[in-house]
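Note that chain A is present in both complexes that follow, paired respectively with chain B and with chain C.
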Partner chain A sequence: MSLAAEAFVSQIAAVEPWPENATLYQPLKDDQILLSDCASSLAVQTYLRMCGLPVQVACKANAEYMSPSGKVPFVHVGNQVVSELGPIVQFTKAKGHSLSDGLDDVQRAEMKAYMELVHNMLLTAELYVQWCDDSTAAEISRPRYSSPYSWPLNHILAYQKQWDVRRKMKAIGWGGKCLEQVYEDVSQCCQALSQRLGTQPYFFNKQYVTFLSHSHAVRSLPNKASAELTNPRVQIIIARTLSELVHHIVLPARAIIYPQGQDDRLGVSIKLS
Partner chain B sequence: MATSMELRCWGGDWGLPSVHAESLVVLAYCKFSGANVTVSPIDWTWRTLTVTTPELVCGDSTVTEPADILNFLRKQRFNADYELTARQGADTMAYVALVEEKLRPALLHTFWVDAENYANLTRPWFASRSPFPLNFLVPSRHANNALCRILLSKVESPLYSITEVEGKLYSDAKECLNLLSHRLGGDHYFFGNSPSSLDAFVFGFMAPLHKAALPSCPLQSHLRQLANLTGFIDNILAVYFSGSQPGSPVPVQETVDANLQKLTQLVNKESNLIEKMDDNLRSSPQLKPRRPEPKPCLANEGSSTPA
Partner chain C sequence: MWCVVHSLDPLPMHGRDLGVNPDDMIEVPEPEHAAKQEILENKDVVVQHVNIQGLGRTKEDLLGHEISDVFHAKNLIDVMKKAHMARQKLLRLGIFKEVEVLIDTSEGDRLVLGAGALPNGLDVIFEVTEVKRLTGSYNTMVGNNEGSMVLGVKLPNMLGRAEKMTFQFSYGTKETSYGLSFFKPQPGCFERNLVLNLYKVTGQFPWSSLKETDRGLSAELNFPVGRSSHTVKWEGVWRELGCLARSASFAVREESGHSLKSALSHSMSVDSRNSAIFPNRGALLRINQELAGYTGGDASFLKEDFELQFNKHLFLDSVLSASLWGGMLYPLGGHSSCIADRFYLGGPTSVRGFGMYSIGPQSEGDYLGGEAYWAGGLHLYTPLPFRPGKGGFGDLFRTHFFLNAGNLCNLNYGEGPKAHLQKLAECLRWSYGAGVVLRLGNIARLELNYCVPMGVQSGDRICDGVQFGAGIRFL
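Entry: the complex of A and B
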């Protein structure tokens, strides 16, 4: 969104309180959603729950096309639609709910830096593994992405998305990387996060950064969507280097999001941790 | 290092050893870590078209991309991050990601996409440093790459154009500069008194913005208001890149001494650990019959520890 549009949205947002019927839209949970989308969706859900804002999750096959920016998830609040974590955080801040008020300038700088690290490294690696690795793309990503559509649309959309992601990877310099290098980068990133966390319950005194990082960590642990990944090394790397993260953040956070233990997707993850 | 290393990069101007941000990162790191690298500028050669700068050639292998080159240098034992704690290493990765995500797109836009800067500064400079007929090809190729990169990573919907994200790009970059300024505070370098790879990255990306004579650049004026960042850049230029060389050997000597100190501390710690282990072994019930034996060994170790 351009700056003027953002300022306009913030102004309108500040006027009304958070409604009860806010809805978060994401692709279909069982058949369609991919690892990276699942991670982003989980991040937003966790953030909203940590702020104490009620939100219902709706799964729609065309969520990506309904989103104003083309990315999932997006929330429908009152008469506004906001997509992606960054704008959603600003939106909730305009309504007066924020998790990072108590941080000083240096901590805020660190927080933003770590968020960029997670976004830059883990999310890009997830996209790379899903779409640039031929076997994963052919066996998992393309079939899952195009499952709601009939022939020939499913082939066209799947290949279009793959071409899009590959072009983006090439533009940012990841096109020439091999899978081993990507795993190495992920491993370094996880070690950095693990070092930063140490033994504290949260990254900073407020819980701001945790939701983003643990959502990626959680998603990267084996679950239904990724258990079939032809090369599950990334899960092993993350589980090994992120043992602190898993114990101090992931498990308690699962309790926050799924208080009745409803989520069976994460059932497999318990065995690893 | 037995084999010599050659770094190919764009030449220097505006008071900088190189005008290319990524090449500057590698040059700065080489100075910080004391690596002996021969710099061969690719100006006026056909390498301006064929080579992705910066490129490090060591024997048979070539390495591109600043992060990979820094890793390669670390493996060759040229490590400017030796004194950092693990947490500072993690912070380095995070801040580098911040700079690459927030600052680099705005820099690309300032130098290559903004029409006035491109026409008056960037294109003439790069065209004048490329041989005929490449002076027609090289600048436009870089400009296209820059535009592609910004469009694909920053523009969210395929229907938006570059103008809508310009404001966001620059506000993100200004915020990034503010955050770096807060983190640096009043220190000379980001971690302690000696420069590390984070200093190299930040210097590499900010120095062209600070020194280039850009006709129109709100980002440059914003940077010039942050006195500690401009002081940081000028300090590195004066200490490591000034014409007289006496500046550079001194930091290397200090690093060597510091390394020696660290090694000694590590050896001491290790021998303390071995002593503790021996104590545990001695007091373990299973090993009681062997008690007379370790005593002479412990005496020997006790005498060798102060080394």
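Entry: the complex of A and C
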């Protein structure tokens, strides 16, 4: 989003209260959504829930193309459409909902740094495993991504997406990495988070949880989108290095995301941790 | 001995003197030649040889069909007419730059000089110049905030039987499009032909805030049956829809994304008009039908539409023209119809006085189109008042008075046909007015009208007053 558009959106947004029928759009939950999108969607859902803003989740096969930025998830609030976590946080802030009010400037800067770390490292690693690891791409990512489309469009779109992600990976210098190096990076990232957390229940203060890392931790546990990774090592590494995080992060996060107590998934996550 | 025909001939027979217009084909001879001509007409001749000179890559069997009629001529005038017709046919193939006709007294068999030459025998010689193997064009276009260059390559008569391959590539600052087309006529019947296309086109539809990129493949077969011409076509299109602006309505946003349409279609037209743009008489009937989804793809629907036009010549060169359009889209297999498949109505080329495609269902100012429509028009065309430039430039213009009406809506297919008709009859939009029409070539026209829209429904965008329009298909 350009600066001008952002400013415009926040101006407009400030006027109207959060409506009851706000909707979050994401790809089809069972057959289509991929790990990284699922994580981003959970991050937004968690954040909105923590802000106490009601949102309905709608699954659409064309969610990615409906989004103004081409990325999921996006929210439709009143007649505004805002995509991705950053702009959504800005948007809710303009409406007077924020989770970082209690933090001082240093903490806020630190929080931004950790969020960037999670975003740049974990999200990129997910994209790498999904699209650059040939067996995962062939067995999971491409078939899932293109499941709503008919032949031959399904193959065209899947390869187009793969090519796109690989090009981006090359641009940020991940093109030459092997899977082992990616695991190592993820492991380091998890360790950094783990150290920051120490033995506290939350990263910053009681109200503030870095929902982003929550959702990535949540998605690293078995769920429909990630359980099918052919190469389970990513899960194991994240789960192992995050084992100390799990009690603090995953369980509260689960409670926030699934307030009605969808215990089946919780059971799995505890067993793994 | 050569005898150059046009010296004794009331009809112009030398190639360069002839126009291509088929109306000129049989010219009325000038009266002072009448006596001479009678003699020529009565003189029996036999066409012994027809030669085509100047052939390079063109295969002779292709031309045999086109010139065979010349052999059936029985007298000199007939030979000239038939040779002239054959020349037209040869030019129509688009593979010759020039075709010249020479008619000579027969020399008989060339190998044995003079042998077999009949005293009333004639030889007809077509001297042709083939078009180049490859022609190209290049041009640049600059528009609103946008520039593009267009590169065109044409390979006429590629395989020697009037096949044609064309390629056009447009590279712009905003979008790239291309088209590759292969055309193959049946030897001896040019109207029966096969066309294969491969293309990518991008369209922007501001009335719907919609952008569409189509990449497609199509094969079509054109053939005449009696007086009607038919086209049977298969088309596979990968369509990518997107919002033109961030402010697009959510209804349009919901339609964004990719879809695949595989459709079989048939269209038929019978056209007895004397001109496509300003006809004086005659009628036109065109029917299109399209079945999508049967051969694969995501879109499944049945679409029917028709166009009907009657023209009647009245007093003082004025023409009364009545036309009716209608169409219906029936989604199949429980799918809802896609915004790109629905009908749109309104604007200076259909129901005048309304904004371009700005009638019917809409959401936040973006028109979503409808699954059924009809539109009718009544026009009175007259020459310009006081006939300035008569016989020349002024004939490109007409004044017209019009009355247009139409409606576009969605039908509930659970209801019966009576309810459908009622739905199409209510909320009728209509308009009347007058204006000036300019003919561009024989394919397009420009209009400047003063319109008074009536029956405006809430949500319709109107253009009350002066409206300008350009297009190739007009109600």
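By our rule, the second predicted complex is superposed on the first by the 262 of 273 C-alpha atoms of A that agree within 3 Å, B and C clash if a C-alpha of one lies under 4 Å from a C-alpha of the other, contacts with A are read in each partner's own complex, and residues count from 1 in each chain.
Quick note on the criterion: a contact is a pair of C-beta atoms (placed from the backbone, for glycine too) under 8 Å apart; a residue touches a chain by one contact, two chains touch by 3 or more.
Predicted, not measured: the structure shown is a model, and the values here were computed from it.
K.L.:
For the three-chain model obtained by superposing on chain A, do chain B and chain C clash or fit?
P.N.:
When both complexes are placed onto chain A, chain B and chain C end up side by side without any clash.
K.L.:
A:62 in the overlay: touching chain B, chain C, both, or neither? Say first, second, both or neither.
P.N.:
Second partner only.
K.L.:
With the two complexes superposed on chain A, say which partner A:159 touches: chain B (first), chain C (second), both, or neither.
P.N.:
Neither: A:159 stays clear of chain B and chain C.
K.L.:
Given Cα centres, how many degrees, to the nearest 10, is the angle at chain A formed with chain B and chain C?
P.N.:
Approximately 110 degrees at the chain A centre.
K.L.:
Where does A:151 make contact in the superposed view: on chain B (first), on chain C (second), on both, or on neither?
P.N.:
A:151 contacts chain C only, not chain B.
K.L.:
As a test of reading the superposition: which chain, chain B or chain C, is in touch with more residues of chain A?
P.N.:
So, of the two partners, B touches more residues of chain A.
K.L.:
Contacts for A:76 in the overlay, against chain B (first) and chain C (second): which applies, first, second, both or neither?
P.N.:
In the superposition, A:76 touches chain C alone.
K.L.:
Once both complexes sit on top of each other, what is the least C-alpha distance from chain B to chain C, rounded to whole angstrom?
P.N.:
Shortest inter-chain C-alpha distance (chain B to chain C): 8 Å.
K.L.:
Overlap the chain B and chain C contact sets on chain A and report the shared residues.
P.N.:
68
K.L.:
Would you tell me which residues of chain C are touching chain A in their complex?
P.N.:
238, 240-243, 246, 250, 253-254, 256-260, 296-298, 364
K.L.:
Going by the contact rule at the top, pick out the chain B residues touching chain A in the complex.
P.N.:
By the definition above, chain B touches chain A via 65, 86-87, 89-91, 93-95, 97-98, 100-102, 145, 148-149, 152-153, 156-158, 164-165, 167-168, 171, 175, 179-180, 182-183, 185.
K.L.:
Which residues of chain A touch chain B in the complex?
P.N.:
Counting only chain A, the residues touching chain B are 1-4, 6, 68-71, 84, 105-106, 108-110, 112-114, 116-117, 119-121, 167-168, 171-173, 188-189, 191-193, 195-196, 198.
K.L.:
Show me the residue ranges of chain A that touch chain C in the complex, using the header's touch definition.
P.N.:
Going by the criterion above, the answer is residues 5, 60-62, 64-66, 68, 76, 79, 81, 149-151, 153, 156-157.
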